[in-house]
Structure formats: C-alpha cells, structure tokens
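Two complexes come next, and they have one chain in common, chain A, joined by chain B in the first and chain C in the second.
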Partner chain A sequence: MPDPEKRFAEEWRDAAYNCFSSGHKFCREVCPVMQVTRNESWSPTAFHANVVAMEQGSLEVSDVAADYVNCTGCGACELRCPNSLFTGDFYRFRTRTVDLVKGVRSLAVRQGVHQPGWQRWNELTAERTHEPVADGVSQERVRDWAQGLDLTVGGETILFVDCEAAFYRPSVPRSVARVLELAGYKFGLMNEQWCCGGPAAEMGYEDQARRFAEHNLADWRAAGVRRVLVLDPHDYITFTEDYPKYFGESFDIEVVLVVELLAALIREGRLVPHLPVERTVTYHDPCRLNKRKGIWQEPREVLRAIPGLTFHDVDRVSQWSYCSGAGGGLAVEKPELTAKISEMRMGKAAELGVDTLVTACPWAERPLTAAGEARSIGVVDLHELLAESLGVAP
Partner chain B sequence: MTVTLGDPVVEELRGILGHDHVLTGKADRLNRTRVPAPFPVHRWAERMPDLVVLPSSTEEVAEVLRLAHAHRIPVVPRDGGTGLTDGAVPLRGGIVVDVKRINQIKEIDLENRTCTVGTGINALKLNEVLSRHGLLYPDDPASYPCSLVGGRIGTSGWSLIGSRYGHTRDLVLSFDHVLPTGRVIHVGDGIGRKITKSSSGYQLKHLFMGHQGTLGIATEATLKLFPKPEAEFSPFWAFDDYDTAYRTVGQLARAGVATFAGAVLFDEWKVAYLRRDDEAYIPQPASVKALVCAALYGYEDEVRAGGGRLMRIARSMGARYLGDEISQGDWAARHDRYATPLHGRTRSGQVVPMSWHCEDAAINYTNLPAVRLAWHEIADRLRRASDVFDDWGMFAYTNGATGADYLTEIDIGIWEQRLDDAAWAAWVAAKRDLAAVALAHGGSISACHGSCREGEVDLVPEELGGGFDVMLAIKRAIDPHNIMNPGKYLLDRAYSDAYPDPDGAP
Partner chain C sequence: MSYRYQDEMTPPPPERASEVAVTRFEHVYEVDPALMTEHVTQQTFPNWDTLRLVRSRADHLAWMHAHFADKVVSGEELLDDLDR
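Entry: the complex of A and B
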C-alpha cells in the first residue's frame, strides 16, 4: 500500500510533469501572490515541481503544506500558461494549478497537517453552518438581509446568498432582490441555507464541504427547486464545479449567475436603467468570473447600460494579473498578503483617475474597500449600482 | 568544497535580512535549483543550496556577500531562474541569493530617456509602466514574460528585436554591482549612470555582463529607453525548400532597412514541430518546408516604406506571403511557442511530455547551412539511440542589421521523466559535439545563454584560447576565495596549482 503522498503524486504525476518539463514560469508575473511576495516557493511552478519531488520521496506534505496557503485560487496562472494557451484546445488540456493547490491542501488536512487560521474557521463554520464572517452569525439570522422585502421561501427558482453578502453586505442581496422584483422575475429563498461549502473545499476540509453540499442539495430537492440564482462568483464556482463533482450526473439543478441574468434582462428591455449615476469608474473583473469562467462581457454590458457613468475599462486580458487577494482562504490565514494584493489592485485603479472601483464579488469588497480608503477611491458593488440607476436602491 | 552552514551563519543572515527572508525549508531550496533546461531529475537533490536569501536592496546583498566571503561560503545569484545553461543552479551548496525582491522602478528619466530599476524586475512588467510614458525597454527575448533584468545581465542575453535596438549589453547602460568581497561598485561607461559612450579606462561593463554570476551580483541597473513604436510589421513567408528561405533571410538582413528589427529562419524540422497540434499555427500545405519572418518597428510611415521594400525583396526570391492575420498572430505568439511539452513525440509517434532544450551558437551567415546539417545529424543520432530525445528543429535569428552572424539554435525535446545516467551521458556528449561543430565553423558556442553547462563548457578554453587564461586571472583577482558560483565555467582552475601564470608562462 503506497503512502498517501505517493498516491497523490501518482494522480497528479502527468500534470506535474507537464509543468515541470516547461518550467519557464510564464505564469509567474500574473500571479498575485508572487507579485507582492516575489517568493518563488509560492509560484505555480513550485506547486507543480513539489509533486515531482514528492513522487521521488524528497518531500512530504508536512514540508510544503504551509506553502500552499499562498494561493488565491484566481486561475491567472492557468490562463497564462502556454500549455493552456497553445496546445490546450487540441488536447482538451488546461493547466490545473487551482485544483492542484486544493488537492494538496486536502491531502494535508487528511494527514492531520492543519493551518491554524483555517482550522479555526472551519470549526466555527461547522458549528454555525455558516462562515464566521461577522460576529453573531447564526443559522437563525441567515435571512435577516431580506427583512421587509416580502420574499417567499421555496419555489422552482431560489436565490442563494453567500455568507459574506448575507451577513456582512446585506445591501447587495437586497439590491439583487429588488431589481429582480422590478423585472417581474419570480424567485424564492432557500428553506434552510447552509454555507455552500466552497471555502471549506478550498482550505482542504473536503468532508465538511461535502456535508454542506449534501445538506443544501437535499434542501433544494425537498422544496422542488430546479434553478438556483447566485450572485457570488465563489458560489458559482462551487455549484458549477464542486457540486457536479460530488453528485455526478444526478446533479440536475440549473445554476444561473445573477450578472448574466441581469444583462439578459437589460438586453430584452425588461430592465431600463435610467437614473444617471455620476461617477468615474473602472471595473474589477472578479477572478472567478473572468479568469476561471470566461465571464467578462456581461458585467460590462450592465455597466455600459447605466447612464451618467464615465467608464475607464481595463481589458480582461490585462486583468489576468489583477486580483483582490480575498479568495482561496488567503485572507483567513494571511490577511497581510490579502491587504497587499488589494493595495496593488487599487493602485491600478488609481492610475486611471477614477473615483470608484466597481466589483461584482462580495468577498473582494472588504479588502478592496480598505485599500481604497488610502486613495480616496470608493468601492461599489455592480448590483447595487444597477439598483441605484433603476431607482430601487435598498 | 561542500559547506554546511552552521546555525550562527543563519542567525547572522536573519539579522541582516529579517527572519522571513532567509529560507531553509526543503521545498524552498529544491525550487531554487530548478531551471527550465532539462536536468537529471533523479539527481535533483545533488544541486541543493543550503539556504536561500531574499534581499531587498544593494546593501543587503553586499552584507550577505561580506559574510559569505568571511566564511568562504559559495554564493549563487538567481533571478528569474529561466537561464538555460544552469547558471543559477548551485553546484556546491551554499547560499542562493534570489534577487527578485529588488524590483523597484527607481526613476524614469523622460529627458535623457533612461530608467533605473532593481534587477529583479521583469521587462514585460516594466514596459507596462513605461508604455504610459510612450516609452519602451526593448529587451525582448523569447523569455520576455519570465526572465528578469539581473539574469539578462548575468547571461548577456539576446533580444529578438536586437537588430533594431541592440541586445542586453547595449541596452543596459550601467549598474550597481556587488563584488564577491561585498564591495559595491558602479560599472558602465564613465562615472555617470546614463552615459552611453566613454573611452576612459577599461571597458568594465562587458566584463561584468555574461559572467553567469561568477564575478558578483548586479543589483540596480540604468536602462536605455526608446519611443514606443507606433507601428510594427512582421511578415511571415513560406518556402518550399530551406535553401531559398536561407537566401531570402540573407537578402533581407543585408538590405539595410533602418526599421529592420530582426529576421528569423525556421527549418523543416521546426515547421513540423509547430504543426504538431498547435492551435496558433494555421495549417499550411505540406509543401511548406521552411518559414521566414522579419520584424520592423518604428513610426508608421517609415515602417510602411521599409516593409514595402522587404516585401519586394522576399517576393523576388519566390517567397509566399502568409497574409496579415497569420503573420501578426504568429509574431504575437513568439514568446509562447517554445516549451510546449505536449509536442514531444517518441519515434512511434506517441505524445509524451518533453522538456525543451535549446542549444545555441553564434554562426556566420555563410556557415549556417553546413552547421544545420551537422547539428541535425547529431540530433538524429540521439533519437536513434533512445526515445528520450526528439528533434524540434532549428531557428536562426539575425543579430545586427548587417546579417553577419546569427543566433542559431537547435531545439531538442527531452523526456525528462525517463532520464537516467546513461541517457544523461549521451545528452552531455551530444552537447559537446554540437558545440564542437560551432567552433569548427568559426562560430561561438553560445550567442546568448552562455556556455557553462556540462558538455559545452569543456570547449570554452578552446574557444577563448589565451582569453581563457585572462578569464582565470580576472576571476582570481576579483574573487580570491572562489565563492561566487563556484564550479561554473571551469573557473576552479584559477585556484589550482596548475593555474597558468597570467604573465604568459603557463
């Protein structure tokens, strides 16, 4: 019986060698962690090379587990890699650094190697069935954000609201709800919504992630849900990538990203933003939309539909090297790195002379807002901005 | 001379650099031995440094070197770690000085058109900033996304558009350089940082470039800038045979068009390699056996005029223009087309991940065809002997606008997973043979990567003759204890009893 490292190395062998044999590190200068730390041990190349070393028996997971904290899961390296760019389509190959990082993290947890911040976070999440994003978070308060909105529970379509938005940024889901109402789009809320499990999966706590996923899917099934609307890019990844992995073919829920839905409603004329919003803005492509899912047009469509905005766009390819630093659990274990990455992102916005950075990701908002204060640049959520222009601000 | 670092040294280094910037972990060290050139993975552990430091300033580098000098500890400078001749790979343990954190842009001088940067910066990243001022730092190797300024200095690298703007040695005006003793000097032309031509004293700038970290560490460099070109024209032409393509390249280079930035010649093996499932390569009829590309940079009106002339020359030679779309796409992909391991093939055609190894030489135009045949013969021998090797074809890049000499490279795919001592020995022997061919044809065994790797390094004394003895004398004078990147370039000979006397009598 080979040891767990060996088995892991066998599973990742080919992928690791595909990178190891290139080894040129074209990915490096787009990696947000690498950009602020310049530490090559925390680069996609090293993440792959370590697997080769594990296969040789020169490294154990306990030697490297802490290195794998240093990844936001942004996916920039995967896109920038010539192996994805050039031979990818033909071989149906994409460099999979994000999955590899997740894999090593969960290998570590299985072997009892924990990162203190992540361990605490996951214990609290297990306790409350919600991520500890703010004090007083509990299952009873999961729908507090919707107070006074008169939303039903259940139905064919429901809106899933991530922990950060539900507890920390309630005006985001409120805006979404009011905009959808305005368009006459019917949806309900979930009966007993737990954390989607995505962050647990990202930090390596796979059993917990699965447990949460199973609960949520059972809840949807029980209420006859066919379609789940998601406003958070992280949830979108979890529902479109992790859940199908857990449940296979039987996962028959349609997952709809709210930004895409809103862009369609605007296109169809069912939503007509008309109140001018006098701001000079640029848009921050959330990593999980642009880089991981190739969704970059719809958010821009929504922005361009809002009158009064002066929009200084940065093309999506340049934004491959931008990140808020908030993803992949980095902010939990290394908040100082998240802050540096956010500062770097805000620096790019400042160069454009904007007064506002528009985001479409609740998780990015906290560190970006902190970084924006130093430069007097405000951070506004795209959904909220649209609600304002539609006259339904929460 | 293997040095084990005692704790006091580690503590001293932590005192200089702070705790977080002295790395002793196994993975930290393993990952500082890796360069893209294939290496015997089964002997990875032999190349480990004892520790890695991440300094953030010239002063910190100087203190590290002072310490290393006092304790006689080997020091290996590392920047991008993309060098192809193992320059940044430690051979004797010791300290890897990784300069990536020294990457600030200190000054952009719009009047004199220079900028001063930390040597840990990448040219692509630098150009993102410079472009806002309408400026360009035109050091453009195929490794543009990953190599860094310090490594460019350490290798005296080659820019794909060097015929127009010059290569690294021309583009770096001056730099702060930490000597192995820890003393900091500034090298360049004259005393100023931004002087481009001086006749005072010895020309030390060239001495402190391309030494592969054997003479110290460059920390802060002043670079020459150019107006960001308004227009770029990069026609690709197809040919039915190598010979016509070769003659066309010569004509293009000798035409003396001022905006001419370079020409590249791809032979039939290279064309076949690029055809392997490469999405960026738009399929060409099987009759296409060689490709030529030229690149022109400058103002719209001058590029159009120069481009017209090159188009006429190419047509008169029987070239078939591939059209704007293919040309632009292929030129834009110039940094990404190397090193796609999935293009590796065994003789039976099985796809296996292979590492890209590029063996380069500087060859006069007139000798290119002969060198090409001899090199492919060597590659063929390798391939016949073992499935570990594949022939990925040859490139030739013009150097100056005269077209006198070319960066000539043969790319060999190597199935690294299967390397063992026997395959490695065959590879090293082949490298030696490739280098010998270059010398036999009056060339240099390296035009850009350097030649301190196992195999070709054996021929360096032969290439340099008496110059190699001068190299030994300089090495001993500047690095009395042989702490800088020991074992490279056969420079250990400078410290042996048989060391030839620089006065002349060996």
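Entry: the complex of A and C
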C-alpha cells in the first residue's frame, strides 16, 4: 500500500473500527443519497468500512474515489449515529463522516485521482477567484449586488456574500443589507473578496482552499475587520470549521450568522415585521445550519414573527430534516442525483399542503426551485420574506 | 450567538463528577480525559459541538416521547390489515 494511504488509514482507523464493529447502519435511513439510490457502496457505513479495508491493504483510494462523490456533506448520518448522538459528547469522540469524506476526496486529489466535473470547477474558480456559478461575471463585479445601496468598504464589521448569492441571487444580500440598515446595524463590504474556499475543500482541492482562505483573512486584517457577517450556511461552515483548522489560535475574527443576528434584533424589538405575508409555508432546514451546527430554532423564530404566514413545520426530529441535494459538490458532479433529492424534498413539502417552501441557503434554492415547478410550490428565501414584511424592498 | 475561536476552544473548567467522569457544562458528563489517551484519543471538540450533540439528543428524545405508542396492536389485527 502506498504511504499516503497507510497514513490516512492510521489517522481514521479508530473511527472506522468504531463504526465497523457496531455497524448498526442507523445512518443509512437519513442519508439523502441512500434514500434515492439504495446503493450500499454510497452509504456512510461503506465510507467507514473502506478505511478498514485500506488499512488491511485490500484497497487503494483510486478504487473507491468515485464512490465518495455521493455525499452532500449534510451531516445527517453523524447525528443519527449513536456513536455521536448518545456517546459522542461523553467520550469526546464522535463519528465524523463528513470530515472523512472530505479527507478521502483530498487524498484522491493528492494522488492525482480527479473527478472531471470537480476538476473543471476548481480550475475555473482558481482562474476567476470566484466560483463559476453564472456566465459573464467576474471578480470586478462581485459587489455589483450592492449597487445603489450606499455601502462602504471595510470597517469593523463586514458582510461576506457567497458567489451564488452575489451573482445569481442578488436580491438575497440586498434584502439582508436593507434589513440591517433598518435596524441601524453598521457594516461594510469586503475589499477584494475571493471565494471562501469551502467548496474547494469539500471537493478535495485543499491547497486551493487554503490559498483562498489566506487571501481573505489577509484582506480582512488589512481593512481592520473584526467581525464577519455571513448569510450563507456554507460560508458559515467554512469560516467556523475550515479557517480555524488552517489558522488555529491566530484566527481572531468573530463570525456571525445573519439569521441568528436577525432573530436577536427581532427579540430586542429593533425589528418589527408588520406587513402581513399571506402564504402557507414550510421551512427547509439547510443541512449546514441544522444538522451541522444545530441552528434550527432561530430561523423558525424569524418565521413566526412574520404576520400573515401560516407555518407548517415538519413532524420529524429536526436534526434529521431533509436535504436539498445541493451540497458537497454533488450538483457539480451528479446533477441528476441532486435533482432526485430535491424532488424528494419537495414531495415532503407537498404533503404538508403548502404553497411556499422557505429556505435560508442560496445554494439550495436553485435545485429546489426547479423541483417546485412541477408541484406549483414556490421557493422563497427567509431573508427576503422578512424584508417584505418589514416593508423594505430589495 | 457568534463564533470566536478563543471562546469555542476554551472549555469551561472541569468539575469532578465521579472517579471516571467530569462535567464542564451543566448535566453534561464526560469521561475523564486522563483515561482517554491510549487506545482512543479524544478529538478536538469545540464547545458548540458538545452543546449541539446534547441539544440534538434532547430533540430526538422529545420526538420519541411525542410519538410514544399508547396502545398495543395484536399480530392478528396487523394481518387483517394486510388482507384488506
């Protein structure tokens, strides 16, 4: 077995045996990929079992790299796994399937095993310093969404807007900016904003991810930034899990999730949603907020503060909520699988008899909107809905 | 409500709960770290992660309790259902 594989197997062996020996496969039933494919090679269990086989010298990363594409990084498996949910905090040792999947993907890239879609995506991202989410956009236009809003650059607090929202869904950051302005909350924009690097890290292009992170942190430091507001759950993960890993103690930036901030401003009475929004809605928990971070109450708090809304929540353990299929680079490499997962998610919304699915993640919106068309269910962003009720048009 | 590296990576000081366990957060027990250095070493656990697991478990159990079966269904009834 080549050395890198051996070292990798050593690093992950305890967790792998922990899973292999208990093998209850609770994780399977909440895994969105398993739910639509029933392919055992793509189950969280298999991802761990492969490490055991790697350690035994029975397989190499090139044999299984393509299997590891089939994960959205939603984290549901970790929270369904008894080794996390019932003993993880007790032993300070929990199942880390998401990190394992990222690890195998990056091991594959280091060994020269590439997935064609991801390779191209990351080449384009490296070239443009932002993700190739839409045609005809460029680094110079990364702040175009803020046109006419009279926002400054730099300052103690800045708003980081992900590539998908900046180029494809500008009404989301515009809504956020208007709402914060209304509450009298001061913030600026980033000077030269590059991609956060999160998607590169998820697809295994770790060096690129670090390069982007280093650029962004240096840009913040140069502008005297102490606090970064984040509206995209994926960025939130990158800044609170990847950046601390890269920079350790020297990562002295406070990271604030906009939804949490808005819930607090509503609680304090600094924002009072008053215009009724007559819709029957359910809420789509972004995996990165709910399952990965345990943030499911604040978005519901915001929803419940909006008059006129009829809100039907899912009857489910909140942490096992459904995935949109958009995460973890799956949509880049296997769009048909993302579409299937989105359709399944929409089916669950349809069962509740709603006309609108509210999201809080710019990345989930694209596939969910496509799936909603077939069922005449609209998809609306939570920040935009709040802006509407506050009477500030994007 | 926000993430700060120093806050997350500095767990509250442990209080001894038994010979083998300590507590850092109210009602959250942890194996004495001294006992987890040989076969399985502890992972880096930011505070949010511990609290997330605890809250997720509570959420899970609340759901289970809300859906607790309140009647016994006989095998015969189930078979009847299938025949219909």
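Just so it is clear, the second predicted complex is superposed on the first by the 387 of 394 C-alpha atoms of A that agree within 3 Å, B and C clash if a C-alpha of one lies under 4 Å from a C-alpha of the other, contacts with A are read in each partner's own complex, and residues count from 1 in each chain.
Keep this in mind: contacts are C-beta pairs under 8 Å (C-beta built on N, C-alpha and C of every residue); 3 or more make two chains touch, one makes a residue touch a chain.
The model shown is predicted, which means the values in this text are computed figures rather than measured ones.
Asker: Do chain B and chain C fit side by side on chain A after the overlay, or clash?
Answerer: clash
Asker: Give one of first, second, both or neither to describe whether A:L85 is in contact with chain B, with chain C, with both, or with none.
Answerer: Both partners, chain B and chain C.
Asker: Which holds for A:Q139: it touches chain B only (first), chain C only (second), both, or neither?
Answerer: Neither chain B nor chain C is touched by A:Q139.
Asker: Determine, under the contact definition given at the top, whether A:F20 touches first (chain B), second (chain C), both, or neither.
Answerer: first
Asker: With the two complexes superposed on chain A, say which partner A:S62 touches: chain B (first), chain C (second), both, or neither.
Answerer: neither
Asker: Pick one for A:T152: touches chain B only (first), chain C only (second), both, or neither.
Answerer: Touch partners of A:T152: none, neither chain B nor chain C.
Asker: Which of the two partners, first being chain B and second being chain C, lies in contact with A:F93: first, second, both, or neither?
Answerer: both
Asker: Answer with first, second, both or neither: which of chain B and chain C does A:R38 touch in the superposed model?
Answerer: first
Asker: Is A:E351 touching the first partner chain B, the second partner chain C, both, or neither of them?
Answerer: Touch partner of A:E351: chain B, not chain C.
Asker: Going by the clash criterion at the top, which of the stretches 111-119, 201-209, 273-281 or 345-353 from chain B hits chain C after superposition?
Answerer: After superposing on chain A, the clashing stretch of chain B is 111-119.
Asker: Where on chain A do the contacts with chain B and the contacts with chain C coincide?
Answerer: 14, 18, 85-86, 88-91, 93
Asker: So in the complex, the part of chain A that touches chain B is made up of which residues?
Answerer: 14, 17-18, 20-26, 28-29, 38-41, 45-46, 49-50, 52-53, 56, 58-59, 63-64, 67, 80, 82-83, 85-91, 93, 351
Asker: Considering the complex alone, what residue numbers of chain B touch chain A?
Answerer: Residues 23, 25-28, 30-32, 34-36, 38, 41-42, 44-45, 54, 80-82, 98, 100-101, 103, 120, 122, 124-125, 132, 143, 145-146, 277-280, 333, 335-344, 351, 353-356, 416-417 of chain B touch chain A in their complex.
Asker: So in the complex, which bits of chain A are touching chain C?
Answerer: Interface residues on the chain A side: 14, 18, 79, 84-86, 88-94, 96, 227, 239-240, 244, 248-249, 251-252, 254-257, 260-261, 264, 293-294, 316-319.
Asker: Considering the complex alone, what residue numbers of chain C touch chain A?
Answerer: 1-6, 8-9, 28-31, 33, 36, 39-43, 45-46, 48-57, 59-60, 63
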